[in-house]
């Protein structure tokens, strides 16, 4: 893990309030899909790093991609970044998605809701390289107002299904509705998105008896496991904390759904 | 040039350490920070048994600062000794163990357990815990309760005892004097200021615990004032903290009367914060022709 | 949509006013700010006789805030009535006169002098003055002294009395209850947090007075907590302040339990700060479908 | 007085750490030499406006010039300003130099030390327009390290004398030394610079029996007379404050030297 300046190489608007930037950073060397970085703002009044998932990685070029929604000060600053600007980054952080257990035969289902989709893109990319062939991706969006950002990119790596809140594209409903509607089969689910969606996926996975790995979010201060700010309640006593709380930034952000109380 | 300071017979290669709870046990940052360069490592608060802490959200940003309501989650003293203390044995720096508890007995249990641990240089007693005995009044805000716990801890402690004071009081000198009178070997301050933040769109408190402790540069001017008041009220050494970000800030606390300083939430912002302070202090001494860091301690009156 | 609030029988067209000492008598900003739009104008503290205040420097910047040690310079009540109050008669807004003194008699003299001034809607008694009687302990940090002065003022006051509390205390609820018990009609808080800043290159305090009061967004989380605690401790209305910069901040204080709010040092940063708050509150109410501002007062518990 | 955004039209480095910018602002309409503006930084952590004198004014073009030394956060930010950037400004503030009393015959002496010189440039410019013909300017500088910034500009309006701390140009010593060395005659002095220089000028003026107007500095919070942060001790009771303290931002920044206790 390192902390240092990363230089903006490309910056684009993907949809209303959704931006993508590629950054030059040494973090790319060791980064894995599902990990994240903490991005510092340039303001002395906003001192906590902003956790943003690594959406894609170009190891050789030494670049990572961040895709994010503008919600407040830090993400707005990042959205205004111009090529050549630099941001202080710490990372890579967290465990990432457990891809080692996969074999070429594994049926993988990626489920991403809104700004939860981007982190799965890097994973989809990597699955391809690993030789995993049966990859479905169910992407949930608000609908007309938000755009189907990155959906096209996923098509390179997966059978893509869409769910929208307003029914303007694909299934009218949630990503879980889309799985049922299309009767999508899977051995393993990787998911990222808002908490209600992750809860629903946890239920779906339990019901279908398949394992699901979900990426969680929580307010973070350090990102390295030092402050104990970002915990999630766990079924078993956590090996590090010795209580039923795991640090999302360190033991996560990706957890097996049945292990966490959400 | 001498940057070494001594507190209660313990020598520090420089006066810079982390503030408890902002640096884990050092392990967490050891990939990025050379722990050997620090004056000391102050560990996250540890109790006699594991604590779960508060529900989340536990942290939030505020203007030039942050709030936390971790609730002192910790794995308990047994795991701490086996794992964290063992890890720290690999490093050439002082270890100060921050101790928390719900009752005097809890504190004393931890203090006794650490008595024979050679790697522990000092004990820092956090008396600003939420949810302690005494009808909800923290030991840290009542001079009598503070004296009582200080005496109880001192009676059993084998290492020098630092009492860590709360800033949420009318009179810091009264609290500092109470700690000194009861036998404390040193005091440290400030802990966080009790604060609150409301999410007006959700009509809810931002932190699940409703209130949380405010720290960071925002509170630095309050901390400097309290360190100044405390160090002029007692003869025992003072460790100063509260919003230190740069070497200038660290020097400000030293000039106000602190013998050593701790960097807290700023470690989260920049992992090199303590190293930057250490190097910056050396640079300042060189530039202004100061031979011994003791020359600047308490030099502004 | 109703943004009107009532405090002790006095109607405010909206809950936004300035914090004493940050807006002069309104005159100073009247070229840039339409005073008629404000819920009230709170004047700079005024004493029975002119005060010189402290030596300079009296102000300095801090992270997301500032410190001041003006020392309550003021031209005295006679000039105030003749000039400032007369000026304010031209405006359609409430006038709250902030009163300071060195002894109870000083305060009472000012209060009596203002008794027949029709333009004065309320009195705000600043009991966090430095250098007052009682062996150096400000009235604002001792519940008994607070009761005493509140009673004395109430005995003579013809307008409703707001007691302005200091945040430099262990228990805000105790102070709020003391004011209420002694007959205060309302309380306002917070005044500034006592703080200190050192210029390390000159080895001197930045402010000539050594200490100063910290205000601004930096302290907002502390202020929100105290306003919440106070408004849950007493039945009289609370006017909240401390670091308000935007409408969101103002709403945060209202939700915490304040019936009205005051903007302080942020007026210095942006002269339109209060107008921005007023317009922002209206916008928030419209967007979230709130008909009456009273719906949000104290709505977060 | 107004507060609003001002747009940078020109930005240049005059000497080591000394910068000049021209800003488009309505403030130009009413600004007078000796008045100042408060410049807000772009940072939420630095909330007090920075008082900077108006060095020059182009009323018709609606522009003012600020010349400043980089000493901390705000002045650094200002020094990095690019054409097209905008800064929030409040002004014009203060009384300005009392030019009304001058007649074409008046012998005027301008005395500027370091970054105190720039505000006198706008005055020199105005004096010319007023028909004042006998204008001397004594400008004090550090010397070789700092450069003789703006000295050339003053030559358009005045007989220029230089004093340097290191003796690299003109008189080796202070501006007061230069006045004595060159036996400069004057009916009135306008001065701006560091406090020790102003004290020396006060003495000089008293000794020579000429009136001196000096521009003072103090830490400011509001700039409009509301906070009472910026006072100076006065000989007589101040008409506004009714104590022996005048507000520098409002009754000043220009005071008759003998009226203030410095």
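When the chains are written out, they are named A, B, C and D in that same order, and each has its own residue count from 1.
By our rule, contacts are C-beta pairs under 8 Å (C-beta built on N, C-alpha and C of every residue); 3 or more make two chains touch, one makes a residue touch a chain.
Treat the numbers as computed from the prediction; the structure is a model and nothing was measured.
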| item | value |
| --- | --- |
| Shortest path length from subunit A to subunit C (each step joins two touching chains) | 1 |
| Identity of the chain that, by mean CA position, is farthest from subunit B | D |
| Contact-richer chain pair [A-B vs B-D] | A-B |
| Whole-Å gap between the CA centroids of subunit B and subunit C | 34 |
| Euclidean distance of C-alpha centroids - subunit A vs subunit D, Å | 56 |
| Inter-chain centre distance, subunit A versus subunit B - centres from mean C-alpha coordinates, in Å | 36 |
| Centre-of-Cα separation between subunit D and subunit B, whole angstrom | 47 |
| Junction residues of subunit B - those touching two or more other chains | 63-65, 216-217 |
| Where subunit D touches two or more other chains at once, by residue number | 44-46 |
| Chain contact graph, described as a line, ring, star, complete graph or other shape | complete |
| Complex contacts: residues of subunit A adjacent to subunit C | 44-45 |
| Subunit C partner contacts - residues on subunit D that touch it in the complex | 1-3, 40, 44-49, 88, 90, 218-232, 240-245, 250 |
| Subunit B residues within the subunit C interface of the complex | 62-65, 67, 141, 168-170, 193-198, 200-201, 203-205, 211-212, 214, 216-222, 224-225, 228, 243, 248, 251-252, 255-256, 284, 288, 299-300 |
| Interfacial residue positions of subunit B with respect to subunit D in the complex | 63-64, 217 |
| Contact set on subunit C toward subunit D in their complex | 21-24, 28-29, 31-32, 44, 50-53, 56-61, 63-66, 68, 70, 73, 75-76, 79, 216-217, 265-272 |
